[in-house]
Amino acid sequence: MTATLMLELRDLGKSFELHQQHGAHLNVLRGVNLSLHAGECVVLSGPSGAGKSTLLRVIYANYRTSGGAVYVRHDDRWLDLASATPHEVLDVRRRTLGYVSQFLRVIPRVSALDIVAEPLLRDGMDEHEARERAAAMLRRVNIPERLWALPPGTFSGGEQQRVNIARGLIVPRPILLLDEPTASLDAGNRAVVAELLAEARAAGSAVLGIFHDEAMRDQVATRLFTMQALEAA
Amino acid sequence: MTPRYNFAFLDEDTKRMLRRALLKAVAIPGCQIPFGSREMPLPYGWGTGGIQVTAALLGPDDVLKVIDQGADDTTNAVNIRRFFARVAGIATTERTAEATLIQTRHRIPETPLREDQILVFQVPEPEPLRTLEARETETRTLHALADYGLMHVKLYEDIARYGRIATSYDYPVLVDGRYLTSPSPIPKFDNPKLDHSPALMLFGAGREKRIYAIPPYTRVESVAFEDHPFDVQQWDERCALCGSGESYLDEVVVDDRGTRMFVCSDTDFCSQRTEAQA
Amino acid sequence: MNALLKVRTLGHRYGQRVGCEDVSFDLYPGELLCIVGESGSGKSTLLNTLAAQLAPTSGSVRYRQRDGAWLDVGSLNEADRRRLARQEWGFVTQNPRDGLRLNVSAGANVAERLMALGERHYGRLRNIARGWLERVEIDPARIDDMPADFSGGMQQRLQIARTLVTHPRLVFMDEPTAGLDVSVQARILDLLRRLVHELDLAAVMVTHDLAVARLLAARTMVMQGGRVVETGLTDQILDDPQHPYTQLLVSSVLTT
């Protein structure tokens, strides 16, 4: 494969020290090495407890690394998120690294449309255009128009998840991290997400994700990355 | 002159203290100067600040005029005039042009003042910002920094509530482009007379223990908004006694049926005009 | 990007007692930083020291002015300190009554800072005040009402309008939503979130509410006993707390 290398994990480790539980020490990741190229979709596989979600969170710098490096190609230079400053991390998140989780973080009083439009506005797009793009995206993930003006706090799980995907994918990101974004979607909506991902990849995005549903996995994955649970140290 | 008193009632040391404060006040136009206000033989609010300033200034050759709301014949004016006649033995007058020193409460005479005259104002509250800021430490800091936005807050409230700047007396002024100053409760009609006045203007607040001054020919601006500029009161009527159309008029109820007439508030000005017409 | 505020080993002591000590951080334009911690952790002392309302007893606060020059905030004289507070900074207090002028109308409260900066046109002041009332969701028809006639949430929104009317570059906020009903809180948080973005404000906000930090702040500092025990991206601190005290704070939050 001659595609551009976008993300490289080197000897990545993550452990938790739980001070509330008498300093209990939990090793979740150790010695993880992974390369991710533009245009590919690597799906993490392995039993529950293998640290798949933790790995995505460490890459996103939502969790701090305990060892090793997370190299990200950002503006055509390499940056190790494990040692980057908060401002560098924020800049990488704003322009290079997208993350879509299973759950939508609802902001009181903010409508579904505005939630989806927000990443565009943050990038400086004017309000009218951002709303139009957001509307198109919501239509695409089959959110009925009558819901657009409502805050998604009262939406069903599947609706919230689709709003979340719309928000996560509305701005093209060179690297996309997906943590079971399709967990509670029906087959039709899963197909829509698969389509969106294929488009993102075709546009050059590198995707790293967790998909439990096998059909979905087979449809989107270009490669699997298998993980094993570490025994508690 | 009553011999048991020192000339002009106050002892010489007190007068010296007052004169030092007055010199400082003249040197910093509009700035309130603290002084050691003495107990005077009249209650606060009746002009204790004014008569201390007058006592510190009077010399044997001075001719004193005292007015209260423009009138020479009201209780307060008569008493203060008589007081100084007794304790200083000086000449008094009701004629503005004849006086070397004029103590006033709430008016500036209509007759233009001259360089050889001094006007002494009685001041109840020397701090123009007081109604909005109760802390003396803070108002002093605001003066020190010439930070006067607060004054416009008050004028803003006036316009918001009454549609115009309703403050009609004690209308704040900026002296020499620097100190925000209370002109004492004179009608704003008199404010223009403060600007570049040939006469020295001195202000005494006895209870608040402050003296300040507007030296001759000092720039004095009445604060306002661009779209609500400063203006003075105007009357449709003329003085019923002298026919004046340019003086400050008092409205007087003359009988039980509510009949009103307008007369000059400056009694000397009015009677001069009446005599000239006779 | 250039920092707006550089804080180095800052401390304030009340006599022998430590208010806060050894605090260092940079704040960037457009960034909202939350300081969390329980009562007595020194977060309000830190905020007041940053805002030059308390003098530092050690360390320094430097601020980059509009003209690009750096100011040593701790050594400013009173005149410069007030000029800075009026022209470039804002301060929102926990109790709106401390930040409002209660004896004048809502409009005068909003317009005051403009008048302090020399605006002398009544009509313009009215228009700007109406616009800001609308922006903080107060009916502009209430421009001449007294703040005392407003509810607590409205008073807080009025204080926010009064503070932001001069477009400050940096705003200090001391628990702006504490003491308000939850629904009222949500409205103010949403408003702050929008205004911070629209005005590209930098802000330092003290709160004991981790949910507030999550909603508004990209970065968070955790204080305990006058010291910063943990600092980083807000989501890192809340999702992967390292320090025992932070873990305790995060685990003590009630979730619904």
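For reference, chains read A, B and C in written order, and residue numbers begin at 1 within each chain.
We adopt the following convention: a residue touches a chain if its C-beta (ideal position, glycine included) is under 8 Å from a C-beta of that chain, and two chains touch if they have at least 3 such contacts.
The structure presented is a predicted model; accordingly, all values stated were derived computationally and were not measured.
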Hop across touching chains from subunit A and tell me the fewest hops that reach subunit B. 2
Central chain of the complex, centres being mean CA coordinates: C
Using mean Cα positions as chain centres, tell me which chain lies farthest from subunit A. B
Distance in whole angstrom between the CA centres of subunit A and subunit B is 77
With centres defined as the mean C-alpha position, give me the subunit B-subunit C separation in Å. 46
Using CA atom averages as chain centres, what separation in Å is found between subunit A and subunit C? 32
If a residue has to touch 2 or more other chains to count, which residues of subunit B qualify? none
Touching subunit B in the complex: which residues of subunit C? 78-79, 82, 101, 103-105, 107-108, 111-113, 115-118, 120-123, 125-126, 143-144
Residue set of subunit B touching subunit C in the complex reads 132, 141, 144-145, 147, 149-150, 152-154, 156-157, 159-161, 224-228
Which positions of subunit C touch subunit A when the two form their complex? 1, 28, 186-187, 189-190, 193, 197, 214-215, 218-219, 232-233, 235-236, 239-240, 242-244, 247-248, 251
Inside the complex, what are the residues of subunit A that reach subunit C? 16-20, 57, 61-64, 86-87, 89-90, 105, 107-110, 121-122
